[in-house]
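What follows is a set of structures for review.
Here come two complexes built around chain A, the first alongside chain B, the second alongside chain C.
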Partner chain A sequence: MSEPLLEVTGLKTSFSTPRGEVRSVDDVSFTLGAGETLGVVGESGSGKSVTSLSIMRLVERGGGRIDAGTIRLRRGDGSRVDLQSLSDRRMRAIRGNDIAMVFQEPMTSLDPVWTVGDQIGEAVRLHQGLTRRQARARAIEMLRLVGIPDPVSRADDYPHQMSGGMRQRVMIAIALSCQPALLIADEPTTALDVTVQAQILELIKSLQDEIGMSVLFITHDLGVVAEIADRVAVMYAGQIVEEAPVREIFTRPAHPYTLGLQQSIPGSPASSAANGRLKTIGGAPPDPLSVPAGCRFAPRCPLVQPACREDEIALADVGESHRARCIRWREVRVR
Partner chain B sequence: MVRFLSERIASAALTVVGASLVAFIILRAVPTNPARLIAGPFASDDVIAEVERALGLDKPIYAQYADYLVGFLSGDWGFSYSTGQPVYALIAERFPASAELALYAFLFAFVGAVLMTVLVSFTRSRWLDRFLRIFAFVNIGIPPFWVSLLFLMLFFEQLGWFPGPVGRGPAPGEAVTGYYTLDYLLAGDVGGFWAALRHLALPAFALALAPMGFLIRLLRANLLDVTHEPFVTVLHSKGVAPLSVHFRHILPNAFLPTLTAGGLILAQLLGGSVLVERIFVWPGVGTLVIDGILRQDYAVVQAFIMLSAFIYIGVNLLVDIAYGYVDPRVRRS
Partner chain C sequence: MSRPPANSAAPLLEVRHLTKRFPVKAGFGRPVRQVHAVEKVSFSIAPGEVVGLVGESGSGKTTVGRTIMRLTEPTEGQILFDGTDIAHKGARQMLAFRRRIQMVFQDPFASLNPRARIGTLIAEGMEIHRVGTARERAERVAELLDLVGLPADAAGRYPHEFSGGQRQRIGIARALAVSPSLIVADEPVSALDVSVQAQVLNLLQDLKERLGLTILFIAHDLAVVEHFCDRVIVMYLGRIMEIAPRRRLYSAPQHPYTEALLSAAPVPDPDAKRDRIVLEGDVPSPIDPPSGCVLRTRCRYALPECARTVPELREVGPDHYKACIRDDILPEPTTTGGKKNAS
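After this line comes the complex of A and B, so read on.
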């Protein structure tokens, strides 16, 4: 494979809370190739959103801090930069330009006092130095691209005049307006109706083909991942516990948590293999203030043995481009 | 926009009618008979009936209301029986003094509060923020008449930087608007303008402190709320510079409540301040009204109530219109 577009190594991010320091992301490493889609799956609090905000260097605003790690990005001119070491000004030139982001809440993600056309044009004017008139033309073009009917008059609409699905399309238009090399989509379909969800997924996929960008797709929904991702990283309690090509994840999971997630989805191969009964994972994720020593999934794991609770388990190769954080990965079976 | 404006104006007009009704009814409901008051305690019933006829008090109540409304709109606000002068002239003579003081106080309060709060919230400095909160808290707590006295002791008596309690200072040769600073400027007299400003400074600042504190607290809270809105994170993710995020996005979203409160404060200040006017010997309407109340001079009080209502409604209409410009959701709904 050619040089990756994005290379995250040993990322550690923590937040100060009234009860103490919380390490939300602990030693996360992954790479993302050009044009590739990596799905990041995990439940709430697993650190998937914090990972994406860390890449954008937006965690400080929420009271967070990146403690360690490098985030290397290959830019359009072939140069490689470590986002961590950039000045604020140079980082701003990357945000919205090289890396763009779509968020979970389309209803609150747009500034209510600006027209959507202005908000799409804002990034273009900033990064590409277009005039007001050119930016408006680009905004209309982007609205058409994301499938908004009558884009010329819609550009003058305010966010409150649009539905949630339309607003998410506008968010995508904003994100793609500068043709970023990387799109980070943080649960972009979670707040939408199921039919609209499918449309938005379709839209992201087709635009990805058109622009040739990479996508980091964050979701808690394995079904969505199956549809959109090339590779999947499963996160649990701030760590990646398994990473594999999307087919591998579903056919040969190598971590009990990954298997547990699949068994809890109605109609998935893993759940039907268990006599059609849905299995749930007992217990709850650990309190982020006191994660257990050793494997963090150990308290809920059906395969747990004493060795699991002793040392930190490493993310080890278990197959071709397949890594898992489990010492009994050979015994994880889709039964 | 035209529909929005006409709706606002129609609703303002309705409010004026309502306010005039209230003022009218309250004054009729007072047990004292104005005719008896004017004619004096020893007047015969015939004389009182004569005065009642002269005042139109023998007409049916709806006709009295119509007379009153038409009179008010045409500038006939009745006679002040204690001074024998037409009320309109009395108020017209004193209103500019109060209004000028009010406008400068409002300018201090509004501009000061907005500038300080926006800059402090932009720096995100915890230390400055704490200072601002204490400043606002103290401002709200201190009564303006007490501040007036403190200011006089410090800036007039001790330091001699500002003139003492001598009212508005020397009047401009030609009274065009009745606003001294404006009249001096129109006459091209910079020295006079400066003198008028120095006379205004202490009372205006004393009046401005409490509203300033109130506006600081309001705007600070709203700015803080908007800063945590998801769309602000989106703006940062687009690479928009913090300065632009703050002034072009956060501020317009946080500004509406401050605008509303600012309007109410301006209207309230325009009604004059009795205590501060007294302390600075300011020839404004506040003093006039207090005297009117004490002497049961109804025409004065009634005219003042109506005038205040007009000012409130007028200022609120302006605020409503300004709203439409600031927030598209108001304009379209």
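After this line comes the complex of A and C, so read on.
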């Protein structure tokens, strides 16, 4: 992978809260190749969603601020831009055209007083300057692409006339209507039932094959990641603690948190449910207002030693395209 | 089938033909219509058993739980608790039973009064049911906090001071306070992060063993149910599709819906075989469910006769029941066992 589509370097994003400054994303770096799917996994508060909102430059609205870092995107014409330094006007042209986003809750992201056809049409008219008639034709074509039966009449439906799975298909249709090079999917299947989730995951995979876009897939669900990702970045307390190809993450995790997460899931190959008990990670994630010095996972880590609590641990190479933020990574064992 | 499926021991809870229909507000000149939330559901739970109730949104699993609690009034059917039908008991008569059936809710943030101290919240049930003196209740609160793994000083603090996992422990302590015989747990771990979910599941496992709890565990997460439950009931669109001991259900499902549900669940293993059976289309409206078998509109094995009669839940193996007329579609279990220690 010579020319990455997206290259995030040293990203730091913080929020002002009544109790003080919270650094939600702290020194996050990763790359995403053309046509590749990177799964970003983490629990609540790990910084996975703030990372994606930072890339879209949507954190300011929520009272957030990008403090440092670059977000380089290769555009369709081969030029490279740093999204971090773009004007708001130029950034608006990137959103929708180059990067599109799908959120968790399809009901709150759709406008209840417009038909779904109009909402898809709006995106292409705004970003690609199509006429009303062309936009409607594109909307119907997109509805067909995302597997909505009878798209000509469903285009005139309002969101409340559709099921949750159908609405999420509409969201994907809107996101893909301008043929973005990058799709950011933030927990797109979390609110859906498993059988519908299966349909949506299949849809994203097949559309990716068809259009050749890259996907940044944010989820808390390791099962979903195992299905959809080529590579996985595991986040904890605002940092990437491990990043590797998907098979490596599951067969040779090099961070105790990655292993602990896998062991916590009933039925996963790593979970060792002896006498009906799951192996758990003790304690809870740190308070974002007072993250511990040194390794942020140290207070919960079974392999902790004094050195872990002293200096910040770097995300270091531990193998072929495999990075981990742990000085005892050699001792992390699946069994 | 003359009798609803029952385990060998005298059941603690037996639900017979439980039906709940919600009226839909009629517009001017339009007839009153009904949401068929739960239709003729029958099952039983033996003392000390943990039974999982799984299904997707709209399957009626939560309505079953709420009806057993009498938080929702049943339209038809019987709810036999320890041999007594509680389906239509008045509020006063119900009070004695309420003490013996307690509920753990999904959302640990919404289910605790933010202005009450934890000690008060846990003791509330004991006060309502006039259990012990004030001092005995305080002692019991301390004992319960210890039991669910919370510090003793938690009693004097408020809900907002606790994390989601800790609040769920408080919810469990509240339910246990009046020493119930049956606990209805509605999605008790689904709002929690995985690492915290594992801690709460282990706590429930401890409590189940130490106190011999009988639990109806309502959940959508198939892996969690497989981990925790002895027997599993699968619901779709208000009806029971299949009931089986855990092992049998997960290794050899006999109903097409169970098969599809299991195949759709994501497995945290990139090398796992994924022979996915995708159910086409959407769940039909519960206002106007399909005739005959409710799954037939999405079932790849459906025959013309599936539209004609509602399939009865019938026995297909030890403790194993399904509501499907076809026997020639899915491989039968290879082992004769199926109880949890038959491995």
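Worth a mention:
Rule of thumb we're sticking to: the second predicted complex is superposed on the first by the 329 of 335 C-alpha atoms of A that agree within 3 Å, B and C clash if a C-alpha of one lies under 4 Å from a C-alpha of the other, contacts with A are read in each partner's own complex, and residues count from 1 in each chain.
FYI, a residue touches a chain if its C-beta (ideal position, glycine included) is under 8 Å from a C-beta of that chain, and two chains touch if they have at least 3 such contacts.
No experiment lies behind these values; they were computed from the predicted model shown.
When both complexes are superposed on chain A, chain B and chain C sit side by side without a clash. In the superposed model, A:253 makes contact with neither chain B nor chain C. Applying the stated contact rule after C-alpha superposition, one finds that A:180 touches neither chain B nor chain C.
In the superposed three-chain model, the partner touching more residues of chain A is C, compared with the other of chain B and chain C.
Within the superposed three-chain model, A:188 lies out of touch with both chain B and chain C [touch as defined at top]. Once the two complexes are overlaid on the shared chain, A:4 sits clear of chain B and of chain C alike.
Once the two complexes are laid over each other on the shared chain, residue contacts for A:288 go to neither chain B nor chain C. Applying the stated contact rule after C-alpha superposition, one finds that A:238 touches neither chain B nor chain C. For the three-chain overlay built from the shared chain A, the minimum Cα spacing from chain B to chain C equals 8 Å.
Common to the chain B and chain C interfaces on chain A is no residue. Of all the residues in chain A, the ones that touch chain C in their complex are 43-44, 149, 163-166, 193-199, 201-202, 220-227, 246-247, 250, 260-270, 273, 276-282, 284.
Taken in their complex, chain B has these residues touching chain A: 229-231, 233-241, 249, 252-253, 326-329, 332. Contact residues of chain C toward chain A in the complex are 56-57, 163, 165, 193-199, 201-202, 205, 209, 220, 222-224, 226-228, 260-261, 263-272, 274, 276, 278-279, 281-283. Of all residues in chain A, those touching chain B in their complex are 56, 58, 61, 92-97, 100-101, 103, 105, 108-115, 122-123, 126-127, 158, 160-161, 171, 174.
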